[in-house]
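Chains: A, B, C and D, in written order; residue numbering restarts at 1 for each.
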Amino acid sequence: MKITFMGAGSAVFVRKVIGDCMLSPVLADSTFALYDIDPVRLKESKAILEAMKSAIGAGSKIECYLGVENRKDALRGAGFVINAIQVGLYEPCTVIDFEIPKKYGLRQTIADTLGIGGIMRALRTIPVVEDFARDMEEVCPDALFLNYTNPMAMVAGYLQRYSGIRTVGLCHSVQVCSKRLLMNLGLDEYLDGRKELIAGINHMAWLLELRDKNGNDLYPLVRERIPEKMADPDFKDKVRLDYINHFGYYCTESSEHNAEYNPFYIKKNYPELIERYNIPLDEYPRRCVNQIEKWKAEYHDLLNAEGKQYVRSIEYASRIMEAVLTDVPYQIGGNVLNTGHLITNLPEEACVEVPCMINGRGVNPCFVGALPVQCAAMNMTNINVHLLTIEAARTRKKDHIYQAAMLDPHTAAELDIDSIKAMVDDLIEAHGDYLPEYH
Amino acid sequence: MKITFMGAGSAVFVRKVIGDCMLSPVLADSTFALYDIDPVRLKESKAILEAMKSAIGAGSKIECYLGVENRKDALRGAGFVINAIQVGLYEPCTVIDFEIPKKYGLRQTIADTLGIGGIMRALRTIPVVEDFARDMEEVCPDALFLNYTNPMAMVAGYLQRYSGIRTVGLCHSVQVCSKRLLMNLGLDEYLDGRKELIAGINHMAWLLELRDKNGNDLYPLVRERIPEKMADPDFKDKVRLDYINHFGYYCTESSEHNAEYNPFYIKKNYPELIERYNIPLDEYPRRCVNQIEKWKAEYHDLLNAEGKQYVRSIEYASRIMEAVLTDVPYQIGGNVLNTGHLITNLPEEACVEVPCMINGRGVNPCFVGALPVQCAAMNMTNINVHLLTIEAARTRKKDHIYQAAMLDPHTAAELDIDSIKAMVDDLIEAHGDYLPEYH
Amino acid sequence: MKITFMGAGSAVFVRKVIGDCMLSPVLADSTFALYDIDPVRLKESKAILEAMKSAIGAGSKIECYLGVENRKDALRGAGFVINAIQVGLYEPCTVIDFEIPKKYGLRQTIADTLGIGGIMRALRTIPVVEDFARDMEEVCPDALFLNYTNPMAMVAGYLQRYSGIRTVGLCHSVQVCSKRLLMNLGLDEYLDGRKELIAGINHMAWLLELRDKNGNDLYPLVRERIPEKMADPDFKDKVRLDYINHFGYYCTESSEHNAEYNPFYIKKNYPELIERYNIPLDEYPRRCVNQIEKWKAEYHDLLNAEGKQYVRSIEYASRIMEAVLTDVPYQIGGNVLNTGHLITNLPEEACVEVPCMINGRGVNPCFVGALPVQCAAMNMTNINVHLLTIEAARTRKKDHIYQAAMLDPHTAAELDIDSIKAMVDDLIEAHGDYLPEYH
Amino acid sequence: MKITFMGAGSAVFVRKVIGDCMLSPVLADSTFALYDIDPVRLKESKAILEAMKSAIGAGSKIECYLGVENRKDALRGAGFVINAIQVGLYEPCTVIDFEIPKKYGLRQTIADTLGIGGIMRALRTIPVVEDFARDMEEVCPDALFLNYTNPMAMVAGYLQRYSGIRTVGLCHSVQVCSKRLLMNLGLDEYLDGRKELIAGINHMAWLLELRDKNGNDLYPLVRERIPEKMADPDFKDKVRLDYINHFGYYCTESSEHNAEYNPFYIKKNYPELIERYNIPLDEYPRRCVNQIEKWKAEYHDLLNAEGKQYVRSIEYASRIMEAVLTDVPYQIGGNVLNTGHLITNLPEEACVEVPCMINGRGVNPCFVGALPVQCAAMNMTNINVHLLTIEAARTRKKDHIYQAAMLDPHTAAELDIDSIKAMVDDLIEAHGDYLPEYH
C-alpha cells in the first residue's frame, strides 16, 4: 500500500500520523510518499521518520517528493492521500490574516475556520487542493483523500462538491470532546464506557448526547459543575460552558476557537467579556511563533528515537486506513457532504460532521436526523460563510468574498459594510500571488 | 359563502378587503362576519362597511361578533377566514416593544417581523391564533385561513406546522415590489408587461428575475440608476438598493423594514449610517400615533360614501376567494411551508414566500429551486429567528426566547448575551398577561 | 413571436394547434415555422393552414422547412417549439410494434405509452428529439419545448433529464378526464363548476378529487352508477370504471389504453376478459388504417374553409403560449420531472403529470403531496419501464431494453424471459435504421 | 442486562441466539426472559438452554413467561427484545397459505416474504407485534427491538412507522450472500478479505459490489462461471444466477425464495421453467413437516450438551447487543426505514436493507445512494406489496389486501382480479381468529 502525505513538512503532524502507521501491523510495511515544496522541512521530516522507523523496526519505505514538478509522482498509485498543507504558512499569510483585520478593529483568536481569517485561508488553499485532486484523478483516481487542512468545511466541502476524488475531512476535536469536558469538570470517573452522539459542523459539532456506561444522561451533572468553573478566573474553556448554558449542548472545538464563531464574545462595546471569558486574542500567531522558536530543540529530540516508547495517537488517519484494508468497521466523526439530509435541518450542500462507519469500501456516513433548533441555527450562521466562500472559490467572483465576510456573524457585528469591503480588498492585495485572480 | 374577518376592528384594512369583495361579482352577495374584542372599533367598521355597501348596492350581509364568547359563532360555517388581528395594539404592546429595547441601546424601526419586537409580537399572537384554529377545527374545518397578521413567517408558520387548518400567509409587499423599484428609479416605461420571479421569505423575498415585456433583463438598467439615488439625501429606499449592490437582488419589503433584518445599518459604532441610509428609527410607533390622531377625521370620511368611485385594491384576499370559488387560476406570492423543499436551499420547516397558484382546490405552491447562495444565507439568518420563536411558542420554554433573540442578527450585533437576556426578561414582565407562562 | 412545429405533417393536429393560435388575439400574428421530413404532408399542412388563415383573416406568417438540413433554420429564434413527430409512422414501425409481439403471443391495444410497443417507440423517438434539443441549444436556447409526442413520460422525461431545453409534456387526457366520466355515467348536470385534482403519470394520472360546485364529493354518486355500466355490453370505458372499483380512483387515459398498462385484462389464460371488458385489441393500427383511408376526403374538407365556424380546441398549447406572453396565469396538467418530490411517494427522476401554473416565466409545477398508496404502486409499475427505457436510450445498452420489457407488467405476465428477449431482438432487427446501435 | 426473547418456543433458533450470548463475555451473565404461548415448547427451550449453560458454565439466568398474561412481565426492564414469533405456525396457518392459493392455481415455494402467503402472514403477525410494542412502550420504552419474524419488510416496516419502539429487522441472508455465491461457483479462494456492498430490501438486497482483497471486481469471474452452473441439472441456485445474467447483480435470499418474488419463473404457461430452474414448489411446508418429524431426535441431541464444542453462529443479534453495550462498532445489513432516502431511488416509507453501524447508541443506518435502475425497479415491485399490506394492517380495510395481492407481481401474472379477490376472501375466512376484522 502506498500512502502519500501532502504537506509532509509539517514534521510533528507527519510523525504522528505516519508514526501511527508504523505502529500498525496492517500499515507498517507501506510505502510512505512525502510531498512538500520546502526542501529543508521535507528533509527534516524524512530524518525523523527514518529514526522512528529504525527504533521500531518497521518495514516501511519512505520516499521524498519535492516541489510541484514531482507531485504527480508522489501521488501515483497511492491508496490513501493525507493532506495537511498550510498554504502561505505563518509568514506571510497568517500574519496578514491577523494584522490587516486588526487595523479595521477586527480582533481574532485563531482565524483558521471562520471569520475573515478562515475565508482568506480557504481562498488560498482551495486552488492548491483542487490541483491535487486533478492530479489524483489522473494517477490515483480511487484513492481516499483524508483532509486535515483547515478551514475544513470549506476545503473538504469544495472537493466533495467539485472534484471526483473521495474526500473525508478529519479533525481530532471529536475524539477529545466529551473527555475534555468531563476532565475539565472533575468528572473523570464517568469517562469509562461513556456513550455519546456528536453531530453538526467541524469545530461546532454538538455533543448531543452524553451518557455514562449505564445509559444515564450526564448533562445534569455537567450543568451543576458549570458555575464553579465560570467563576474561576484561570479556567480556559468558558465559551463552551457558556454554550451549554445558553444552547444546552457542549461542542467540539475549544473555547478559543468558538469565541470567534459568533457575535457574542469579542465585542468592541463590551470589552470586559475578553477577560471574563478568558479569550486569548491573537492566540494562533502566538502559537506559531512559539512553535517556530522551539522547533530546533524539538527536532533534535525527535531525531533521537533511541529507547522511546511509541504509542499510537488519537488521530483517525491510521485507524481509517486499517479499517479500509481489513474491513473491520471503525467509527469516526467525519466531515462529509450532507447529501440525503443526514442532518435533516441543515442544507444538503453543507459539509457536516457526523458519525461515519469506515469499512472496506471507505467512508459510510450515518443518518442523524434533526439537530435541536438552536444548534442548527448556530451552525447555519457558519454554513452561510462556508457556502459563500466556496461559491467565491468556484466562480472567482469577488462579490462572493465580500458576501462571505458580511455573513460572518463576528465580522458583521463588529464592522460596517464599507469597512468589510475595504478590509477584503486590502487582504486580497496583501496576499498577492497566494490568491488567484478575483473579478 | 360566509367570510369571517378576525380583527375586524382594523377599520381601514377591513374596508379594503371586504370592500374588494363587495366589488367582486363572485363575492358581493356573501355574508361577512366581523369579529373583534373591541366594541367601539367593531361598530365603526360595521358602519363604514354598511355605508360602502349602500353606495355600491351590494347584496352583502354584514354581521358583528363581539368578544371571545362569540368567536365560535363568528367562525361557524365560514368558507374563508381572514385574520388581521393585532394583539396588544399600539398601547401597551408596541410601545413596550420599542421602549424597553431602547433602554438597552437597541434601536428599531418597525419591529413587527424580526428582531426582539418581532419575537415578542409573535409570542403574544400565536396563542390567540392557535385558539382561532382550534375553534375552526370544530366549526369550519375546511375553511381557508388567510393570515395577514405579522410577524408572518412565525404566525403562519406556526399554524401550518401545528394546526389542522389550511393556512396561507398574505402580504402586499410582493405585488408592489418591482413596481416600486422601477418607479423609484424613473423606469416607469418598463412597468407594462414586465415579468418577474420573487421568492424567499416574507419581507425578504428576492426579486430574482425582472424582465421587460420582451424578456430582456432589467437589472443592468436598474444598477445604472442606483448611484444617483444613493447620492440623493431624500431618497427613502436606500437599504434595498444597497441590497442590489451587495447581494445582487432587490427584495420585497421597504428599506425601513429591511434596515433591522441584518447587522449592517443600525450600528452603535457607525452612527453616520442612520443618516446616510435615511433610516427612520422608531418609524412604526410614529405611524401608529399618526394613524390614531387622524382616525376621527378618516372615519367620517369613510362613512361618507356618497358619490365615491370604489376600485379594488391590490390585496390578494378577494382575488384568492374568487379563484377558489370559480376555479379560474390566480397567481399570488404566498407564505407556505417549504414542504418538499420548494426552495431547495432553505429548510423544510421554514415558512417561505413563493409563487402559488390559487384554484378551486385552494393554494398550490409552486416549485422554485435554489436561491442564489447569498440570498439563501440572508434568509437563513432570519429563518433561525423564526424557527426558534416558533419553538418557544410550542414548548413554552424561555430559553428558546433567549436563543431567538441571540440569533437575531441585529440584536446580537448590538448587545451582549447578558443584556439580551435581561431585556427579554424585562419584556416578558412588561407584557404581563399578553404572554402565556414561560418556564 | 416565432412558433415552430416539429412534425408539421400531422395535418389534423397541426391545424388544431396552430388554428388555435390563429384564433388567439395574442398569437394570431405570429410566424409559424412548419418542419417535417415528408414533402407531401408538409405541403398539405401548409395548404390547410393557409386556407384557415384566409377564412379567419389572421395576420399569421406560415413558413415551411423540409428535411433535416433545414431543421436548424426552422428552429432559429423560435420562442416556442411544438413537437408532434411520429418516428417511423404507421408503416413500417407501428405495424412492426404490433406484428412481432403478436408472434410471441403478446397482444396489445395502443402500444404507444408502455409495453413493448411503447418501449420501441421511445427508443426510436428519443434520438430524434435529442437532435432537436441539440439544435435548439444552439439556435433558440430559451424556447419552451411543448412535447406532444408519445410515449410522453419517456420522451419528455429524457429531455428533462438530459438536455438543457425547458420541456413540458402535454396531453389532452387531463382536460377531458372528469368530463368523460360524468358524461359516461349520465351525470352531466355536475359538469358545471366541478373541481378536481389530477396527479400521477401521463395516461395514468388519478382523478384524486372530484367535487361539485358546492364542494360535495362526487365519487359516491359515481360509484353508484358503475354496476349498470359494467353490465352494458356496449359500454367502452370499463377498465377505468374497474379502476374505481379496485383502486378507488378514475384515471386520465381511456380504457383501451389502460387495458395494457397492467397485468389484469389481457390474459392468455382468461380469454373471456377481452369481451367482458370490451377491450379493442389492435385498436391503434385499426385507427391508423382508418385515418389513412379517410385522409383524401378529409383533406379536401379542410382545404375548403369557406363559411366555417372555427372554435378553439381543448389543446393546451395555444393557452400556454398566451399565458407566457401575457403573464396571465393558466392551469394545466403538465408532465414535468418530479424534482423536489412534488408527488412525495414517486421517485424524483420520474416524469409526473401534475397541476402546473403557466405564467410569464413558463411552467411552474405545483406541489401535490402523497398519492394514495395503491395509486402510487400502480404508477410505479409503469415508472419502472419509463426509467429503464430512458436508461437504455442514454447508455445504448441492450440489457436495459430487455429489463424494461421484463419489468413491464403486461409483458412479464404473458411471456417468459426467453421469449421477451427474443422478441426484443426481433424488434430491434425489424426496426433497422430507425433505432441506433445497441450493444 | 435483561434480554427478552419473544417466541422462545422456536427452540433451535433461541438456542442459537441465546447460545451466542452465553458464549459472549459481554452477555453471558445476562438474564434471559423466554416468552411463548406454548407451554411445551417453552419448557423444551428452557431445558435446552439450561443444558448449554451448564456445559459452558455461563452465569446466565433463564426465566420463563408463559402466555399473554405474563407478557408484560417478560418485557419489563428489558434492554433488548428479540422477536422470532410465528403466528399460526405450520398448522393451521402455513398450510392454509399454501393450500387455498393452490386451489386457484397459484403455486408458491416459501410464501413468507411476498406473494399472497407473505401478505397473509403479515396480516396475522402485525397485530401481535403491535401488542408487543404497546407493552414495551409501557415497561421498557428504551429497549431495542430485534425483529427476526417474517415478512420482514412488512413487520419491521410497520413498527418503524407506527410504534415508538426502536426496531431493526435482522436476517442472516446478508452475511452469507457473497460467501454462498463464491462457494457455489468454486471461487472459494476469493473468500478471504473480500469486500462488498449489499443494499436493497430484505431477501432482495443486491450484491452491488464484490471485490477481492486487492480491490479487483469479482463479477467478471463470477459471470464466466455461470453458464456451467446453469447447465447443471442439480444446481439449486439458478434463479439468482439468472438475476446476474439479466439484472447484473446477485441478491441476498436463496433461489427458492426469489422464484416467487417476480413474474418470471413460476408460470402456468411455461411449465418447463420449474424443472429448468430447479424450483422447489411447496418447499416451505415440506421443510416444516421435516422439522416437526425430526424434532424429538434433535431435542434429545440438544439436551445432551456434554462435551460439545460450541461456536458462535452467524446471527447478528449477540454481536449487536455487544456493540451497544461496549460501544465498539459493528457492521450489519439491517432493515430500517428509508428515512432521508438512504437509498435515493426507493421511497422514504419503504423498509430497506442497508449497511448499518451499531454502536453504543444503537443502530445507525448508512447512506447508500442510488441503486442501479433495474435493481430499484425490481425492489419497487415488491415494495408496492409491502406498503399496501402495511396500509391494510393500519386501516383494517379489505380493499388494501386485495390491492396488495393485485400488485404482487407473481399473483397478478398468474390470476385475474376476480380469482385474486375470491382467493383473498377464502383466506381471510380460513384464517378465522388469526386475523383481525377487515371491512
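In this section, contacts are C-beta pairs under 8 Å (C-beta built on N, C-alpha and C of every residue); 3 or more make two chains touch, one makes a residue touch a chain.
What you see is a predicted model, and the numbers here were worked out from it, not measured in a lab.
Name, by label, each chain that touches both members of the pair subunit A and subunit C.
B, D
Note whether the interface between subunit C and subunit D is symmetric in residue numbering, meaning over half of all numbers used appear on both sides, and answer same or different.
On the two sides of the subunit D and subunit C interface, the residue numbers are mostly the same, over half being shared.
Hey, how far is the Cα centre of subunit B from the one of subunit C, in Å?
Between these chains, centre-to-centre, one finds 43 Å.
Indicate the whole-number Å distance between the mean C-alpha point of subunit B and the mean C-alpha point of subunit D.
55
Two or more other chains in contact with one residue: find those residues in subunit B.
Subunit B, residues with two or more chain partners: 344.
Touching residues of subunit C toward subunit D in the complex: what are they?
Interface residues on the subunit C side: 242, 246-248, 262-264, 267-270, 273, 344-349, 373-374, 376-378, 380-381, 383-384, 387-388, 391, 399-400, 402-403, 406-407, 409, 412-414, 416-417.
Under the stated contact criterion, what part of subunit C meets subunit B in this complex?
By the definition above, subunit C touches subunit B via 142, 193, 195-197, 209, 211, 215, 327, 329-331, 339-342, 344, 355, 357, 359-361, 364-367.
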